[in-house]
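One structure follows; several queries about it will come next.
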Amino acid sequence: MAVFKQKSRWDRELGFGTKNYKRSERFINRDGSINVKRTGLGGLNNLDVYHWLISIRQNTFILVIIAWYIAINLFFATVYYLIGPDHFGGIDATSPFLKFMALFFFSAQTITTLGYGHIYPIGNGASIAAAVESLLGLLSFAIATGVLFGRFSRPRAEILYSKNILIAPYDDITGLMFRISNKMQYELMEAEASVTMTLNNPETNRREFLNLALEINHIDYLALTWTIVHPIDENSPIYGLTAKDLEERDAEVLVLVKAINDTFSQTVYSRYSYKWDDIVEKARFKPLNQEPDHRGKLRISITDIHIYDRVN
Amino acid sequence: MAVFKQKSRWDRELGFGTKNYKRSERFINRDGSINVKRTGLGGLNNLDVYHWLISIRQNTFILVIIAWYIAINLFFATVYYLIGPDHFGGIDATSPFLKFMALFFFSAQTITTLGYGHIYPIGNGASIAAAVESLLGLLSFAIATGVLFGRFSRPRAEILYSKNILIAPYDDITGLMFRISNKMQYELMEAEASVTMTLNNPETNRREFLNLALEINHIDYLALTWTIVHPIDENSPIYGLTAKDLEERDAEVLVLVKAINDTFSQTVYSRYSYKWDDIVEKARFKPLNQEPDHRGKLRISITDIHIYDRVN
Amino acid sequence: MAVFKQKSRWDRELGFGTKNYKRSERFINRDGSINVKRTGLGGLNNLDVYHWLISIRQNTFILVIIAWYIAINLFFATVYYLIGPDHFGGIDATSPFLKFMALFFFSAQTITTLGYGHIYPIGNGASIAAAVESLLGLLSFAIATGVLFGRFSRPRAEILYSKNILIAPYDDITGLMFRISNKMQYELMEAEASVTMTLNNPETNRREFLNLALEINHIDYLALTWTIVHPIDENSPIYGLTAKDLEERDAEVLVLVKAINDTFSQTVYSRYSYKWDDIVEKARFKPLNQEPDHRGKLRISITDIHIYDRVN
Amino acid sequence: MAVFKQKSRWDRELGFGTKNYKRSERFINRDGSINVKRTGLGGLNNLDVYHWLISIRQNTFILVIIAWYIAINLFFATVYYLIGPDHFGGIDATSPFLKFMALFFFSAQTITTLGYGHIYPIGNGASIAAAVESLLGLLSFAIATGVLFGRFSRPRAEILYSKNILIAPYDDITGLMFRISNKMQYELMEAEASVTMTLNNPETNRREFLNLALEINHIDYLALTWTIVHPIDENSPIYGLTAKDLEERDAEVLVLVKAINDTFSQTVYSRYSYKWDDIVEKARFKPLNQEPDHRGKLRISITDIHIYDRVN
């Protein structure tokens, strides 16, 4: 088994500590999130509602809005009902249920500041409740405006990573390589990549984080695809390690890509992680078909970045 | 024909690959967009609606809003009509068409939360539909607010590039030069330029991307005009190449300008591309008239940056 | 007592001057704010209302909104009352107080653009006042939307600092060390720390600001905890100083942490300050329990960063 | 008269060209704006409305809103009048003027989406016009929300500059020095200054831009005041120049200060310019009174930065 080179040369401070966990741990999940849960503050003190609303998926967000709308209207309909349906003009319903429903719709017309006015408050109690509700409505929609804008304008790098990371022939040696592409039609510029391998060191019984030097770690435009290559030469910290070594040491390859979103001049980050069983030896990425169409525009099919061929 | 110098000295990783395309290709269009189409995800999966709304032209954006307004009102007018016009108070129209129109305008008054109230919903079905529509209206206008703000505040560098790129006398040698100016009245600071020439290498049959070193690549204020000069001395990768060589090798000059928008402290990018037929040999830019007006303010006419004189 | 080393080696320009204040001064408060009050412009000229609204606490902000809502409605109710309750249709109140209250609620329905319409202005005076109020209402809520968004999206680094700063054994020497952790569930990346000690120099009778070099001053992810260590070796400006020296010289340790908020790609800052009486000698931080849960997610209780053990 | 030192050592590319203008020119105005007018695109093509609305003063902005509100309501009142007052229910005015006024207020209630409903449209023409106006109203207020937020959140460095720039004793030599302070209560961090002197060179008859090296060009917190000093030693490009020389050569000192606004983590810029007649020889800034108040908070009166004493 290969011996680790002098630690200090590649050592990288990721902030995950050096504890040697049991196999099966991931530091970074496949979706780019970090596999850590911080507790200790109690309750929801470490939850930022805005961050949560920004981060949840589109469907969950829509459900949150609908649930809020129904709940707030039920709440105010109950308040209005307790004040008494006879404090509202224009209600000609007879049954308690229909009166409640009329107040429910009056609430909806109030919180949205629609205010048709065919139902209207009479007296101070009902008027105060309606004045509070309409203020609350405006503030809610002010918040919704901010959250929606926050969701839309949130910096994102939608990067597609090849499913596997290959140990492929590279010049006279081999290289650890994977491919990425921009998923979206807007452009990413000044892309930078940094790749770290983390594995257990059986001698020290600690987890090590090794910086893998890249052949090229910056490109000006991520317009087509980018094959990111770590040459496994004698200067590489993983020189001489076999696939079996990587499995035994529970290797994980942590990838960080940084780029500038062209539309908003925002710096965006993308994380990905390959676990040892994503590594394929003796394979080579198939070059992408990259032909101009009839209008002279280059055309690539980005899902082809996953395709590789076996080599001997 | 001149021989390329040692590749590694000027080589630049733009991310466009090194494939030798047929003539007529552009990497960057004249409007600064990148001439690449990425497919493979299927359908609209690589479309970000917000990016699209932010990026479309003003007139298209207005049409989208008007189309949405008409469509949503037609939709809800149909829903209300199916619920039945008799579930709405205040409609005194007699013909089906006029009833539909009344419901269409009721929908418009609902979605905008205008709510005059001369027409109003009666019963649960109509009230629920109106409550849904008013919520939808508020969310739509929340989105519109965000999109409009995104459009306005989007970082932009409105830079005017001279129509041609000249090979002009420069000290004792020649230089490849073009001029830029800020189109707008707000200021751009800390302007930086980077210029890359891409051409086919007939020996390797690959496309090369050569960094053209600039005499000055940074100025503090882009207040007047900036003539960006690459001196064609013996250290230049294009030293000895003739205009005919550039044509045969299908040369393209890729320009990236980066600056800071003074009003918003935003970093902004501008791209431009000159194709070989934009290159003019034996010409010199005419100095701009740059006189203070009666109040001591410097005045320049920026469209004069296109003007050059022939020299022998 | 130890002698200060050559000043120029660690000297740091913080911008607090070098005046030797009496003991008990702090430069940075425990909440990270800077302990300076700037006057001289007179009145509120150095107050930026937006900054103030963004910075006040949530409860204060809610009170400001409620107070504004009541005040503006009282103001317009008074205006309407002065115009005359008989210029408003739909008021069937008889007592002056009830008329005023009806106009107060009419104002609330106007400023929120609710507009039920059961009360409505008659004649030019009342109509003008209502038109002004509704414009004011829309602008107020436009401002509220901006302020709420500003509050939510404001860059923050919610970092928990250990209550004490220890002088602990470190390799063969000692080190000044404290621990930090991210309080929130969102991630902070590319964390950087800088630590400055400020103390009075009894020889020059000036206040000095000494940069304390860190063992590691950058980590890629602030996912778990970070123990920030200044090794007190012979190169340290505080080498040889005892706890009593630090007290006599009124030492304060100023900490600045900079990181990138992952959700918004924003650079965020966090400041903290330890005063000499926060320093604990002969103690060592207790390692955190850092075990994966049943789903393989690392779990830490961040409040454990305060815990230390005495050593001899 | 002193001879300029070797040009290349201090030469700075500001982007203002090297033309030797007549005296009385300023490159940067006292308010920090750049004294250049760019024309040539014709009409308003170089005006960005959003930038303009963001940049105008508060009072002008309020006038723009009021003017827009009156104009749009006059426009729609005219449209409604042309459609015919009898297409609107609830108008009981008799004179044409009062009818017009009623329609004007109906317009105001429509564009704000207030919609009392005591006046309401009858028939398709009036309803279409009202539907258009309410859409326009919502979009206008969406724009207003964005512009107001843009105005509030616009990065600003409100820095106070001392009225004069002194040539004061400094160690054994003299120094060119001025003082700055943060005007506001929020904090500015990581302040950086760059100072350039521009003057005519009588030998070359060109304008030169000379970088003035600073004793300290970066401080961590701009909490108190900062005296920015250029030591006039033998390495200074202005070594040996007298005040009379500076006047004859029409000297201007261009100052750029860059800092980070603490509340928003925004990089902010501030520009200032001293003309030769702002230079005071044989003077020294009076130290500021900088005492802690009873709660231990440092207190400074920032307008004292202008005060200097004559020295011999």
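The letters A, B, C and D name the chains in turn, as written, and every chain counts its residues from 1.
Note that contacts are C-beta pairs under 8 Å (C-beta built on N, C-alpha and C of every residue); 3 or more make two chains touch, one makes a residue touch a chain.
Keep in mind that what you see is a predicted model, and the values were worked out from it rather than measured.
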item	value
Those chains which touch chain D and also touch chain B	A, C
Identified repeat of the B-D interface (over half of residue pairs identical), from A-D, B-C or A-B	A-B
Cα-superposition angle relating the copies chain C and chain A, to nearest 5°	90
Same-residue or different-residue interface between chain C and chain D, half as cut-off	different
Most remote chain, CA-based centroid, reference being chain A	D
Approximate Å spacing (C-alpha centroids) for the pair chain C, chain D	27
CA centroid of chain A to CA centroid of chain D, Å	38
Sequence positions of chain B contacting 2 or more other chains	113-117, 145, 149
Complex interface listing, chain C residues touching chain A	65, 69, 73, 101-102, 105, 108-109, 112-118, 141, 144-145, 148-149, 152-153, 158, 181-187, 189, 191, 216, 218-224, 226, 260, 262-265, 290, 292-293, 296-304
Chain B contact footprint on chain D (complex, rising order)	12-17, 19, 21-22, 24-27, 33-41, 45-48, 50-51, 54-55, 89, 110, 113-117, 120-121, 124, 127-128, 130-131, 134-135, 137-139, 142-143, 145-147, 149-150, 154-155, 196, 256, 266-269
Interface residues, chain A side, partner chain D - complex	113, 115-117, 145
